[in-house]
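Please go over the structures that come below.
There are two complexes below, and they share chain A, which is joined by chain B in the first and by chain C in the second.
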Partner chain A sequence: MKKMLPVEELARDERFVRSEITDRIADPRNDRIAERNLGSARLEPDRPAALDRSRSLMHGIFMGEIQALEGAGRTCFDFDDDEVPFALKLDMARQCWDESRHVEISVKLGEHMGTEIGEYAEQTFLYQAACNPDAVLRLTGVNRALEGLAIDVFNTMKEFGEASGDPVLAACEDWMLADEVTHVKMGSDWLRRMTADDPERRERALEFQRVVDKLFSIGGFRGEGDESPIQLARRFRELAGFSDAELDEIAEISEEAAADSRAASG
Partner chain B sequence: MPESTEPRPAFAPWDRRELPGLFTVEESARRVGNYKWIEMRLFEALGGWVATVPELDVKLVLGRHCYHHAWHAELWDKRLPELREMNTERLTQPANDAVVRLMESVREPEAPELTIEKLVGVYRVLMPRKIAAYTYHLNVTSTITDAPTMRSLKFVLSDELDDWREGEMLIQSLLGSPETLARATARQEAVETLAVEAGGVAGPGTIGGTVTVDGEVVA
Partner chain C sequence: MIELRPETFTLVQFDADEVRRIAKEAAARAGVTDAVVEIDEELPQPITAFVAGVVEGRGQIWMSGGNLEDARNPAQLHVDNAEVELTAAMLRVRDRLQPGFAAAPDESELSDRDRAAWETWAYGRCARLGLAVREQRSRYALRLFQGFTDVTDAAFERLWAADELTWDDLVKIGDDTAAVDPRPPVAANRVATRQASIKERAASG
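Let's look at the complex of A and B:
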């Protein structure tokens, strides 16, 4: 088996359909949707499309968990013993098990919410971030940026479950949220340990994290305002080791991404 | 009711543990180092394969088992210094070159249509060989002096037996035609041949017979 498996070779069964994020951004229907201006974009149960949006989000979580599982697995394999510490590989193996459980939970929650595997398209940029040949950049992009986003998503879904009277959804999201805090902390710890004597590498890793954070804030998807369906979960991110300054920076990146989106749609 | 000062033997009548066991400190450490090396190569492969198998249930099982073997490697890594090997890397080695070839063969399949080959190499050859090696170690080492190794062996064996059973059931669920059966059989023979050449996961003597270290018979 070769090292560094390209995204095109991710193995899927026939239910899965892939689409490019660029196609989604350039979808001509976006402008018309933006014109409707229905007020807050928060995921709230009294909105007419809330159930459809929550099902779509749950499918997105399911796809994200599969790719997070695959990314952690590849980090176990892609680096030789002299390239990364043994303990880092052990952490990634542990993350494999966690992500595997998250896929199982997501499949069951998807059925619970009325969707099924393959109903929505898969985008593969999460795995692409997990393909970085530098282990530190890979962990920073995946464990701090993407798993950080997972904290925001799970907290949003947990609150949606509570608000909509769905204790199954709320409880399961809370369990996954606990795992994600651990994963983000792993990323923060390894970034600090592996770049203790290499500030340039640390800066490259943090820059990679900013790029990934901005990518996942496209269109105001994640932020702190009413136009963001996914809200920045400051309290849980603090538990995972993010400083106030880092959280402010992510909020700023999200606001920039939302402004870019508004400008693009005229 | 007996007096609290009444002398009692150190070993209860039902405690039949004995000294000294078959292995020296060095032999136990050598085997533990071999185990760690095998577990590392295995958890890496299982993790790497997750992205290459299209079957969702197999993907999820590989993700779970990846961690089990990583944890086994961690247990063995922690045991090595307790067996007087402070530089754990020195003993984190394959037993011989044939073990290297065995693990290269186990880890070789990559294409998405090779799930049977991936699973058979692990669950029909390597895992039974590991279970045999761990069971032998558990049965012959000293139940008193090497008790910490035995405790780890019991945890590891519990995982191995559960995982072997789950892997075997996955294989059976994939064998739906003469063609898939032939593939599984051919793959098992090819990998088993290498396991025989290696003499087992800890080399010749893995499950008994004469064991030598640097030319000296140690067990």
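Let's look at the complex of A and C:
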């Protein structure tokens, strides 16, 4: 089996269509939307287009779970035992178990909301963050940046379920959110252990995380303002081991990403 | 006459002739002979919405480009979705032209609860016309705006299968689901007008 599998070789059947995030950014409609006052972008039941925005986000979660499964799975296989501790691989294998369950739950939630598998385009930047050849950088990309984003997304979706009175959505998201907190904590713990004697590598890893966090905040997608559909879930991130300073930095990165987007659209 | 606006699309890769053809077929299915259809091509998936009013006997449909867009291939037309969405909008125009809907408020004053019921009925009729309607999406939409209760699910079955209803029927269904909706009053009796607000914001933008 091939190590370091490139994103182009991920297994997908004919239901899935990929779109490049660059195409999304270059869409000429973005500038027009930026000029219009469509109100808060927060995902709430009484916001415009809540129905299809929630369905689209749910499909994005489903795709993200597949890619998180693939990312964690690759980490089990891509590195030899002299490169990463066996116990780390075991943690990644346990995470695969969680992610597999999340994929199944997300499929069911998609059905619940009337969404077909593959109804929305797949973007692969989550998996691409999981392709770093340095195991520590990959760990920060996947378990701290990607899984951190998952905390924000699940919390947003859980709150949407609660606000709309959907007991199925709220309960499922709450259960998956609990798993994500453990995944992030795993990443934080292994980052500390594997770089205990190598501060330079730790700094490289944290810098990589900052890059990935900015990518995940692109266009103001994730942040703390009204323009962000995904809200930074500070409380749950604290439980996962993020310090206040780290949370402030992610909020700042998100704000920078939103400002970059505003500047790009003139 | 069925008139399409804009005459050509510049931000999305929709073939205006094809959209015009689909709109005319939708009007024929619904029995509407005179309407203007404005497609707001600035709005992408998943920002979906439509309004279907009548002014001096002529249908006035405004629809987000997102309703016609292929969510897998941005800016491309999704023919099946376009057929469903335009037919549903035309059916709602047709309803407004019936005596039983004389008391229906303007689109800008329609509550989310009542709009959801009306759209469910329209999509149900689309399904019986043989169009590729996503029934579960409609069920979820009705639950979202009328509550996740057994009463709402029963209301869905009635709306989905109904051939003829009046505005009073839709209001009664909304009242019945509101009576058992466990959500706080603000959510349960929401009167915000999502579709209309997108359209008005578009106009003021």
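Definition applied: the second predicted complex is superposed on the first by the 266 of 266 C-alpha atoms of A that agree within 3 Å, B and C clash if a C-alpha of one lies under 4 Å from a C-alpha of the other, contacts with A are read in each partner's own complex, and residues count from 1 in each chain.
We take it that a contact is a pair of C-beta atoms (placed from the backbone, for glycine too) under 8 Å apart; a residue touches a chain by one contact, two chains touch by 3 or more.
The shown structure was predicted, so the numbers you read here are calculated from the model rather than taken from an experiment.
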Which of chain B and chain C A:E207 touches, first, second, both or neither: neither
Touched partner set for A:A50, first chain B, second chain C, both or neither: second
Contacts of A:D198 with chain B and chain C, given as first, second, both or neither: neither
Touching partner for A:E83 - first (chain B), second (chain C), both, neither: neither
Partner chain in contact with A:D248 - chain B first, chain C second, else both or neither: neither
Footprint overlap on chain A, comparing chain B with chain C: none
Contact footprint of chain B on chain A as seen in their complex: 1-2, 5, 9-13, 66, 69-70, 72-78, 81, 86, 89-90, 92-94, 96-97, 99-101, 103-104, 117, 127
Chain A partner contacts - residues on chain B that touch it in the complex: 40, 43-56, 59-64, 66-71, 73-74, 77, 107-110, 112
For the chain C and chain A complex, residues of the former touching the latter: 11-12, 41-49, 64-66, 71-75, 112, 134-141, 143-145, 147-148, 181-183, 187, 190, 192, 194-195, 197-198, 201-202, 204-205
Interface residues, chain A side, partner chain C - complex: 17, 19, 23-24, 27-29, 32-33, 35-39, 45-56, 111-116, 118-121, 163-168
